[in-house]
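Note that chain A is present in both complexes that follow, paired respectively with chain B and with chain C.
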Partner chain A sequence: MAEKMSTRGLRVSFGKTEAVKGVDMEIQAGAVTAIIGPSGCGKTTYLRSLNRMHDYTRIAKVTGEVFLGDRNIYDENLSPVELRTRVGMVFQRPNPFPTMSIRDNITFAPKRHGLARGRELEEIVERTLVQSALWDEVKDRLDDPATGLSGGQQQRLCIARALAVRPEVLLMDEPASALDPSATQRIEDLIYELKKDYTIAIVTHNMQQAARVSDYTAFFYMGNLVEFGKTDTLFTNPKEEQTEAYITGRFG
Partner chain B sequence: MGTAPTPPQRPPLQPRTGRERWADEFRRRWFRYATGVLAALVVATALAILWELWDGSGPAWSEWGLSFVWRTEWNPVTGQFGALPFVVGTLLTSAMALAIALPVSLGIAILLTEYAPRRLKDPLIFVVELLAAVPSVVFGLWGIFVLAPLVQRHVIPFLAATPLGLLPIFGEPGSGYTLLTASLILAIMIIPIIASLSREVLMAVPRDQKEGALALGCTRWESMRYVVLSYGRAGIFSAAVLGLGRALGETMATTMTIGNRLGLTFDYFEAGNSMTAIIANELREAASEIHVASLVAIGLILFVLSFVLNTLGRLIIMRVHTRDT
Partner chain C sequence: MSSRVEQAPLRLRVRLARDRLLVGLCVVALALAIIPLIWVLWEVVAVGTSHLSVEFFTTLPEPPTRGGGGWAHAMVGSAVVVGIAVAMGIPVGVGTGIYMSEYGNNPLGRTTRFLCEVMAGLPSIVAGIVAYGLIVVTMGRFSAFAGGVALAVLFVPIVAITTQEALQMIPRHQREASLALGVAEAPTTLRVILPAAMGNVLTGIMIATARVAGETAPLLFTAFNSRYWMEGIDQPTATIPVNIYAYAISPFEHWHAQAWAGALVLVAAVLLLNVAARTLWARRARFMAGG
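This part shows the complex of A and B:
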């Protein structure tokens, strides 16, 4: 398997606090990479630097390199706006646009970017909703407001919305932490399906979830990458003592 | 191993004595009645004003009935009075003021929430809010000495030369005291209200809305324009309604700049009049009973108009809210 994204010496600081302290890591193509670690370990900060979401946080400073393929995405010749259509993101709390219908939530970005019109837009709506396993539940009410959906449905809509701009990589920041167990289950099944077509990086504080959905796992602690490896190896036979302490529940 | 710390021991709950119960009950009631009375005072005041306006304007209504609202003549000598020119003047100036102030205020609000660096932000907020504290008579003076000449020499000739000059609401250029001058002053006066309320609305939009749009490859502007503004539209609408309310009721600055000409006009380049201006100008000198009653009747119309507009605004906000949630 080839790597889809990689970081070299990635550091992120907010004012005087350094949240990510020089991380070298690969994210494999067509696989799910889970990032775990206790609160404040820098896992979300790391994830958000992969699609330049720190750009508009005034005090944030990112140094080091992040590659998508062989391009450094922090290269000033590359457009962060275009980058984000290739590296999409799903957030911790479902954030559908409340003033838009289910359909408009999905067609909003393709329309704005001039990617599709008319029939093609309808196809995008159906394709992405089928992919996000929401189609059967909403196909008869595409014009209803998105906020009428349940939390789990809203999160799947947000996944569909992210897929509508045809990203290569999908970043997920604790996508199920605001959902109940059965909605979580559906999101996890969905991640398993989506990795056939997309590269996925998921931050989670739930170790069972990481073990269930991911192929690779990275353990972060205090802004450093402590250990990275195949998920089954890392969970059954961790090399580092800190990793073992965390996954056995001795801290965090 | 030491001994476990003992939890603090407290005596069992004691029942209240009859006297204590009575005192508790008294305090509770006293507080409820006191706040109730205070709240009722507000309602009573509004009703008293309404009654006073109704009572004082009685002669005008019994003379002309509801047609007083759309009669256009105003002549204290012959005793003929009608409200339409003033209603039209108020509506035209307030509407134009809102049309000018809303985009400017939104621009300020967007700058302050999204783009301004911290160093610039706090001073800007201070200045905008300072503008709200300027007394309206000062705005009026500035209108007379600066804005009116400017409008006469530059703004009107400029507008008249553009295709906008062909609109029926823009007629022959004349003096500097025009509906347009009053509209501009009103616009400046309501910008601070609309801008600071809109800023608060935009600040309250959850960050993940903006980031959701950014993560889809939207530019900062697109996420502001299509997602954040749309999320805050009910709040922005209510900011606009509050601004409009201020423009409708503003008296001093309007009176000083509107031209105070009698007679119906729809022409922004002409001198006009407003409901507030006619009352401020004539109430003191009104000699006949019917003249006073007509002025009070205009006050009543203004009161009702503000009330209706505010209610309408609130209804629309409520509808947007229920649809969104």
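This part shows the complex of A and C:
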């Protein structure tokens, strides 16, 4: 399988603290890559460097290379704005735009990018809500405020919103950690469906979740990539002792 | 063992007494703050109401010897002068607030914030002097416009500071939601952050409007005063606060009464403006809270 994104010697530091300490890793196209590890291991920091979300943290410093296809995304000539239309993100806590309706949450970015207008926007709304398995629940109240939805519905709306700009890669930062088990189940089913069309990287502190949804798993510890491999192999036959200790619950 | 059991209720009683004492002190402080306020309001309403009449809203002043007459010209004048200040002040104040909040993490931003704080504490008569020097001297006469500029000088820093603080209260994840969709910083600020903060931005604008609407000193030598209808924004005009001042220090009983009525109109206008803005905003706030 081809790699969609890769990092070479990626380091991220906040002031004097180095959170990611030189990571070489590939994210395979059309697959789900899970990033696991204990709190503070740098997994979220790593994920956020893949679409330059650290740009707005003044003390954050990113060095090394991050490739999308064959382009280094930290190159001067690739704007972060363009990058983020190709590499979308879903956050830990559902964050729909509170001033907007369900419909406007989805059409906001496509409108800004001039991707669509009129009927095409309506089609985007329906397509993305169907993809995120929310359509049946909200099709009769698209003009209601997004904040009136439940937490799980809001998170699926955020996924629909991210899909509306047709990204190639979807980064998910613990997308189900603020949700109850049944909402979590729906998000996991959704990830399984979405990987047919998208490359997905998901950070999770839930190992069962990583085992259920991912094709590849990366185990991070203290800012380093300890082990990377096929999910089946990593969970059943880890090469590194640290990995085994973590997945068997001896620490973390 | 037994002694501890007996002591505990005593310690608890002391703690509860201290707790009640503190609450009591807060209530006393509240009373000290609120009683003068209610008293002033009551006085204005009670005395002002008894001197209000339809004539007061519709006619021009009569000479003090004649009695009767109204402040219609001053009400129009105040509306125009405050309107000029608000129209000029909102774009500058909100714009400054946006800069300080979104792009101001640098020496220019910090200096601007410091200057706004200094300006917000500026004695209002100084704002009048600024407008006098800039506008009145240049134009060669007092004018409603000069009054508007003087009030805008007081209006802008309040709005800038409240706007900055309103924007900074919006959680970071709202901004990230938009940026992660590939929306650039400026549209993120204008279409996501500013709308989410609009309730507090409007509150800041209301507070600033109420503050400048009651200002007298900056208008004394800018808008000056007049006994006739305003003939244009380049002409001097009467305003309610300056009229209150002029009438209150006059020797005529009947003018004193009109000063009370004017004060009531001013307080009521500010209150109405406030209620109107809040009512308008409440609809949107209900939308954001989930319909």
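Just so it is clear, the second predicted complex is superposed on the first by the 252 of 252 C-alpha atoms of A that agree within 3 Å, B and C clash if a C-alpha of one lies under 4 Å from a C-alpha of the other, contacts with A are read in each partner's own complex, and residues count from 1 in each chain.
Simple rule for what comes next: a residue touches a chain if its C-beta (ideal position, glycine included) is under 8 Å from a C-beta of that chain, and two chains touch if they have at least 3 such contacts.
Computed from a predicted structure; not experimentally measured.
**Student:** With the two structures overlaid on chain A, would chain B and chain C clash, or do they fit side by side?
**Tutor:** By the criteria stated at the top, chain C and chain B clash after superposition.
**Student:** Examine A:F14 and indicate which partner it touches, taking first as chain B and second as chain C; both and neither are also allowed.
**Tutor:** After superposing on A, A:F14 lies clear of both chain B and chain C.
**Student:** For A:D144, using the defined touch cut-off, is the partner it touches chain B, chain C, both, or neither? Pick first, second, both or neither.
**Tutor:** Once the two structures are laid over each other on A, A:D144 reaches chain C alone.
**Student:** Tell me which partner A:R58 touches in the superposition: chain B (first), chain C (second), both or neither.
**Tutor:** both
**Student:** With both complexes superposed on chain A, which partner does A:F91 reach: first (chain B), second (chain C), both or neither?
**Tutor:** Both partners, chain B and chain C.
**Student:** Report for A:Y192: first if it touches chain B alone, second if chain C alone, otherwise both or neither.
**Tutor:** A:Y192 sits against neither chain B nor chain C.
**Student:** I'd like to check the shared interface: which positions of chain A are touched by both chain B and chain C across the two complexes?
**Tutor:** 51, 53, 56, 58, 81-82, 84-85, 88-89, 91, 93, 95, 97-99, 108-109, 112-113, 145, 147, 158, 161-162, 164-165
**Student:** Quick one: which bits of chain A touch chain C in the complex? Just the residue numbers, please.
**Tutor:** Contacts found on chain A: 51, 53, 56, 58, 81-86, 88-89, 91, 93, 95-99, 108-109, 112-113, 144-145, 147-148, 158, 161-162, 164-165.
**Student:** If we count contacts the way the header does, which residues on chain C are in touch with chain A in the complex?
**Tutor:** Interface residues on the chain C side: 105, 171, 173-184, 187, 191-192, 195-196, 198, 284, 287-291.
**Student:** Once bound in the complex, which stretches of chain A touch chain B?
**Tutor:** 51, 53, 56, 58, 81-82, 84-85, 88-89, 91-93, 95, 97-100, 108-109, 112-113, 145, 147, 158, 161-162, 164-165
**Student:** Could you list, by residue number, the parts of chain B that touch chain A in their complex?
**Tutor:** 117-118, 206, 208-209, 211-220, 222, 226-227, 230-231, 233, 323-325
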